[in-house]
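Letters A, B, C and D mark the chains as written, and numbering starts fresh at 1 in each.
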């Protein structure tokens, strides 16, 4: 049974256009979703292969827990299973956003061996939900990339369960997954992570 | 008693949208204020938690010297006490702006131990109020970040009194506070500092 | 005999304005074309010397296989022969785009001696037509720049025949040529290459 | 006697807004002019102290050969004497543009001792008027900054006479002066130089 949650994806579309402008979803990369109902699960997600600078209300399809299309036209992204896994695994998640940035890609390479990007001591960390001081260490696990999205979704579920306080996961040389209770919160998390990735990335070379 | 000073915050909102576009107030970071009256003190300041790319005339609240809301809806930022301290400590300040940039954050880390970012010999320094030649040394004190904003405000008051000619203060790994007689002047100061921070930051690595 | 293919160049003009915004076609550099008919060949291409941030439907001329103007006003770019060669040499190409970027220029210098920029292991590679996994090595041949465009066109034909699976060629210290079945695909290829060039370029200095 | 040359400064205003967007004239820095008549000399130039992102047709004043205002309101920039000197010294100059960029500032520091930024072997050099091959060496003299604009104008006149084929001059840690027969050509020269400064600046650190 569907809830009365708004199905409008204007907020997702606007976030996507802004991320495109900043160069975080070039070349049709990235995908964005929001939860419409939890039981049975319904989400709206970007159709595959769209230019993210052109997103509007028609760019989204509504799918169920099996990634079958309930409303709309297009093909769900191959990464839809990852979105669904995140909604199932974390309580209260209302939106999942996935971007590909230059600095994130570089950091994921630098910290792939050690297993995580660690970010500590920055005021901007307070932009992450529940973080109330800069004296916080945020762990962003970096996991191996794969074209087997079912396997990848399982790894992500396990990583989230091992690190219940994280706000995002990085796929090695691929991109960031983050989430929030609302689209607005998830968008803020993208911006906070991308800011901090750039700070860390540029500091790699000031040593 | 209120003066007849314009309460319109269109200029603050426009500055904020531009700073967002440049990546200096990502993820709802930053806050902006202007003085409405000095005695009793009234200022307009951004409500807490807003996306700075979306600021408009409704994004501001009017507060008094105790940070109590006089007009408008929302929550004052936790950093309001810093704004009020700056208005109280420096004569003729009409606007206070606070941003979080990548290069500023990096420089604040580099110069935290030495206590200040020093900028010398650039024509752009003439964009700072009262500076008439590039042969000028601008001191930007870097002070320890804290979540105790009352204490932070006291430190800032002391630093300003020790350095009466400065145009800005950097909170370590946090962000820049600058000010001006008008919103326009304060905005110019932000742009001048951010330009010079990028020049200095990039030169760290050309040595 | 002309086909019924759309002659509208709105998509090329929009791509060009966006590339200008990103700094990939500054100072009237770059040129963009689409195929109208293959036999006899007709293409639309940007007239020479235009500011790419101002492109609109009037910015294009229609030329035949000899680069003679069939419709429109202006001068074909000196690089028109390269566009024609690419349409002749690769089956199914519907659009050819040429940009000049900072990171591409730097990489072309770094890898000129070795003969090619090699890109391997990035998810973004999947944005290139026919690439289905990040476990792919993309070769971007770097060839010597020349002002003899006839000779350059011959070199490009030979390089394409030697490397039938490539998606682009770099002229040393000059710029990128890429192509696609549609304007949309060619534009995606530009964005993918520019993203990856920036990642590789920035990593040169993190070693 | 005035010529019938267009007095509209829409093209200068648009160039200025675009340069602001790119971060080349932050904080009210920079100034732009065009020639209205050569004998007696009349030029339109930006009034001093304006935000360059807000330029429109009202942002310019018309001055004579003594920098006295003939039409319009505002104060001529202190650097007006440099503009007038360039119009007097170089035949056919119709527009003079002055910007302050991060990469230009860094390069001017790096090459101040040697006296010039030398740029050689890039296709983008062909965007400079009269340059027909990438096999060209462009000299951009770097001269000491000064607040004595009369003296600075004399130095610039001498440097131009010594290097009659240059397209621009850099004031050390200050900014670029370039020119062209038209606003459009001068704007193209700014974009070409800024592109090449970024390429050279970034390569300083790939060595």
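Remarks
Quick note on the criterion: a residue touches a chain if its C-beta (ideal position, glycine included) is under 8 Å from a C-beta of that chain, and two chains touch if they have at least 3 such contacts.
Bear in mind the structure is a predicted one, so any value in this text is a computation, not a measurement.
Fewest steps needed to get from subunit B to subunit C, stepping only to touching chains, is 2.
Under half of the residue numbers found at the subunit A and subunit C interface occur in both copies, marking it as a different-residue contact.
The most distant chain from subunit A, with centres taken as the mean of CA atoms, is D. Chain centres here are Cα averages; for subunit A and subunit D they lie 45 Å apart. Chain centres here are Cα means. That of subunit B falls 32 Å from that of subunit D. Subunit D has residues 205 in contact with two or more other chains. Taken pairwise by the contact criterion, the protein chains form one closed cycle in which every chain touches exactly two others. If you check each pair of chains against the touch rule, the ones that pass are A-B, A-C, B-D, C-D. Listed in rising order, the residues of subunit B touching subunit D in the complex are 18, 22, 121-124, 127, 132-135, 184, 187-189, 191-192, 194-195, 198-199, 202-203, 205-206. Within the complex formed with subunit B, the residues of subunit D that make contact are 23, 26-29, 51, 53, 100, 102-103, 105-106, 109-110, 145, 147, 171, 173-175, 201, 204-205.
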